[in-house]
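First chain A sits with chain B, and in the next complex the same chain sits with chain C.
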Partner chain A sequence: MLFTSITFVIFFCLFFLLYWFVFNRNFKLQNLLLLAGGYVFYAWWDWRFLPLLIASSSLNYFLGIGIYKARQTKQRSLLLWIGLLQGLGTLLFFKYFNFFVKSTISAFATFNIRLDTYTLNIILPLGISFYTFRTISYLLDIKHGKIKPTTDWVVFFCYVSVFPCVISGPIDRPKTLIPQLTRRRVFDYAQATDGMRQILWGVFKKMVIADNCAVFTDNIFEHYKTLPASSLLFGAFLYTIQVYADFSGYSDIAIGLSNIIGIKVTRNFNTPFFAQNIADFWRRWHISLTGWLTDYVFAPLTIYFRDLGKTGLILAIVINFTAIGIWHGPNWTFFLFGFLNGCYYIPLILRGTLYKKKKITDQLQPALPALLGVAGTFTLVMFTFILFRADSLAQAFDYYQRLFSRSMFTAPVIIEKVNTAATLVCIVIMLAAEWLQRDKQHALQIDFIKKSPVRVIIYYGLILIIITFTATRNSDFIYFKF
Partner chain B sequence: MKSTVKFLFKTLLFALPVLLVFEVLFRLGYFPIITNSTIFDLKMIRLQKQHIERVKVMSIGSSVGLYEFNSDIILQNLHTSYYNFASWGLQIGDIRTLVKSFAKDYRPRYVIIGSSIGDFIAPLNETYLNYVNTGTYIRKNFPEVFYFKNYNSIHQIIRRKHTAFPVQLDSWGGALLTVKAKDINREKWNEHNIFPTKYTAYQYHELDSLGIWLQAQHIKLIFVQVPIKASYANTPVSKQILQHHFDQCQAIIEKHAGVYLNYHNPAVFTDSLFFDQYHLQAAGGRVFTRQLVVDIKKIIK
Partner chain C sequence: MDKGEILKTVNDVFIDVLDDENIMLTYETTANDVEEWDSLNHIQLVVAIEKQFGIRFTSWEIQSWNKVGELINTISNKIN
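Then we have the complex of A and B:
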């Protein structure tokens, strides 16, 4: 069930009532309900993959205890490798098996060697990329002595499948989430209210901005061969906004729901479009994933390449980002997406400004250099999102080629002027609100407005925009396919 | 507990004005967008308002079924409960989906499908699932739920109401149409839809499945081939294609104990009775329905 569906609203209302009025006597009961709710939510998508989720949880639960209790390093390493192989192996199989087969066939075909096609009709289990990373970080943290394993299997299973986050994250670390599951959650009015506000903001981003942008970008990308370059640029711009609004909207809803049930979850986006360079951008975009890969991929790589100086750092970054790209899916476009983003870091590394954090401004208006940095970073990111959207490298390169043509200076073709204007206005509202509230967790944290009628007007204003301009199509969240 | 109740109460209080907005919209005639067919949506809302419990004779079909079945003539001759569920653009597969749903709700004993070749040329319209997959109780009592189920924006709802083709439905779901000679679309007058298409075989399969299902439910299927203007079959090839279609449909229907009636007769249904290649004017509909009731009176008891 989509978060924005009536089925989910009914489900969550029932869950809320049971959670806070019936099962709230102790954390064990709360966790049992949380687990049951998580499995109902997951199975609603496709019950056939529920056993896989349960099996993965079971295996990693026992492996965690085994790694902790093992006396010898070899034993610990062996158990860790079993967990890694299971997790990554399952992920690789479901996500990349057909891709490897087809790529191998294509590679041999370039040498005129014809191989028999043997691909399987594999359906990607929803959320596998996210819950696999949760289990892997659990095992790695135990191995490195950062945490102790939990002996309460319900706690662990809840950690893996906490339902607002099981499908598309955020990917919380065991250190953040497990302690919350080992104590009774007490209803916090302020936290729940803030959760509702964040949900409202997320719904606005998803249903108004992302879904309306999708209508235009689908049309532009489908007919890009017949459109002028200005339309292609417009399409690239809208698609970048769409991915952000869709994914951050989902994250806002997931975080908001978690807050309502008394669980604090990692922030996943921190106004990435106000980043002044690419490093800043990736510190703000899909924070839980980039943080995960930084700790478990980038950090070990920097140690491995430490003797190579800046070259080693470049290698580590490029490999890390290529992994980010590949994580998104079995297509060379994602590989190139990641690789390109890694390459964007090279000037920063060579200049030695990689870790330099610049606050954009405390003023309402940023200074010109900061503004140029923001515009430049957005442009770089926008170009990589063309790869993200394209079905193939050929299509992406064709798009790029047509983008850099003289028709850039002609007016873009706009089919539905009113809808386009409304969407652009809503995009401006989103960016303006996030700019003004850039030091807050989300744009609707407006407690500083003391007069409650003003706050109510703002909330209803947003609701009015949602019910007036929501796109009629009912689309899945983009990151469900990862 | 107190703060939880306070939170719940405030949330409901907040949601109430939003729900009221949609209720007001509904009362003002700005109905939710259920499917991508304005006429179907309008009919379903009408049905809900009419509180129809049972329909002994159900007719359904695409626009030919909508425009050409004269409700008055049918009622005067059959003296039984009747409703016309036809809607623009329905393909046979869509008809099958809808008949299965309507049969549960209205328990007909007879289903009359008014059909032409246009019902066998396109893929299924999945938006009808938005309607049939919603519980009967909700459809009949709380159609406002569709505002939230299908993410209607108020902008889209208002635009639809003011741009939809105006159709005057009678109390039994029919809609006879009279188009003046000067308003007849010259392009559509001798239009030749591509037939068969890549979907035709699939639609025949759907008709077969519908026949099987209705037979199992002991509901009599009466398949009515409505008249087509003479100029459609003006070459030996098109005559052959048309005849093959008639034979195909007849074989399928009679295999499942249904009744096949064919009113394609250019000698009786002359050009003046049509407003385009496939649709009869109101006058033509009266001629056609009078002939139809003579035949179906022998079947319907």
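Then we have the complex of A and C:
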């Protein structure tokens, strides 16, 4: 049930009517429907994963109360470790078991030792990373005295599998999400219409930009051996835009849907392509995950390494980013993707400018140094996204080798020129709108335009673009597999 | 050293590390009240405070403060 499918539209309309007209008497009824709706939505993908989600929620619910009530530090730590081992253990098993087995076999094979072992046919349960991060932050926050556990199991189960963010985030923290689940949501017209605008913007990014870019990038990455370097550069550029449009488009839809049901969800992207350095980029990209890792991985590491000065900071950031890379999946390409992004921080740490936040200008046109910073950051990120897209390290290195060749100075081979031009125009529209609206939560917050016909023209213009230019193929969201 | 003096010294450290002359901490100030105070430069502040007072916080202490008052209490317990 993709957000962009007719099935989901029907499902959400039904949910909306029940939520605001039947189950609206108190927050307990609202939560029951939220939980049931979330589980139906989740089970629609594959019902076999639902028992794991329920089991994980049940265990962590009792662990949270146990940690809070435990009188001795040892007891608290033990319960926390049970939760961490369950969460991370399940995640490691489903994501990396086969990778470890295969790597062990090939490592022994290099010494001519044949291992008779087996791999399991493991399918990754959808959204497992995202709900595991929610349960871990819940237990850690209780342990650190930042929150009290909830004693309402429906509230906790809703928090873990919050609809519509259960599959792919944003990863909300207990401190911001749980209080919203413990009071009755009242329909707010302004919040709901703002949510609908954000959904429209997200659908535009996903169905027009990401899906159209996918047509070109799939072709370029499949035939890169026969294409000139200029085409490969074009492919890398389009893929970087595609990942952004795909994931931020998904996030916009998830946040918009949440707004319609009266729940405020953390922002996940804040115009990352206008970042002037790599630290700024990652503060603006997949904010809920990088924020989570900053608090629960990077911060403890910097505390641990704090006597090592800048070396400690470099170690902490490289480990943190390598973890982000590995989180994407068991492939050395992801490992290197994370490691490289971590290494990009080293000049900032050595110059002592890591903590200096670069402010995006208020002016319409950015100054030249800022523009150079933006272009440089985009280029650095784009090079790592080749790793992100490649099937193997060998393919990625081959792609890099062919990219840095003399054929860079030839015209790129472009299939379907009209579609390419249309996609590029839509990318310009997206970037221009996000630049002009960079101080807003999303590009369609255009209430400052007082003339309503102008606003209506913008909405319907966008709908027309979506109808006209939607790619023929409606593909999955890239981040669903993580 | 009383808590008022500790607060004043901590305030100076914040101004220095976060490079913002306008910071005015109170016991009730939280990270949400100071724009530049995020979890990234929280550690920078901790290291600077440790150096300033010649003390050492535990990992648990560093991650458990919710407002400046709690930080001041920890410092006071360690130096007095």
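As a convention for this text, the second predicted complex is superposed on the first by the 481 of 482 C-alpha atoms of A that agree within 3 Å, B and C clash if a C-alpha of one lies under 4 Å from a C-alpha of the other, contacts with A are read in each partner's own complex, and residues count from 1 in each chain.
Methods note: a contact is a pair of C-beta atoms (placed from the backbone, for glycine too) under 8 Å apart; a residue touches a chain by one contact, two chains touch by 3 or more.
As the structure is a computational prediction, the values presented were derived from the model and not from experiment.
Superposition model on chain A: chain B and chain C are shown accommodated side by side without a clash.
Looking at the shared chain after the overlay, A:196 reaches chain B, while chain C stays out of its contact range. Looking at the shared chain after the overlay, A:145 reaches chain C, while chain B stays out of its contact range.
In the superposition on chain A, A:415 makes contact with neither chain B nor chain C. In the superposition on chain A, A:375 makes contact with neither chain B nor chain C. Of the two partners chain B and chain C, more chain A residues are in touch with B. When the shared chain is aligned, no partner comes close enough to touch A:109: not chain B, not chain C. Residue contacts after overlaying the shared chain place A:463 against chain B, while chain C stays out of touching range.
Using the contact criterion defined above for the overlaid structures, shared-chain residue A:350 touches neither chain B nor chain C, since it reaches no partner. Of the two partner chains, neither chain B nor chain C is touched by A:14. In the composite built from the two structures, the nearest CA pair linking chain B and chain C is 33 Å apart.
Applying the stated touch rule to the two superposed structures, the chain B and chain C interfaces on chain A have no residue in common. Across the complex, chain B is touched by residues 4-6, 9, 16, 20-21, 187-189, 192-193, 196, 207, 422, 459-460, 463, 467-474 of chain A. Residues of chain B touching chain A in their complex: 1, 3-4, 6-8, 10-11, 14, 17-18, 21-22, 33, 145, 148-156. Contact residues on chain C toward chain A in their complex (touch as defined above): 19, 36, 39-44, 46-47, 59-60, 62-64, 66. Only residues 144-146, 291, 294-295, 298-300, 302-304, 306, 354-357 of chain A touch chain C when the two sit together in their complex.
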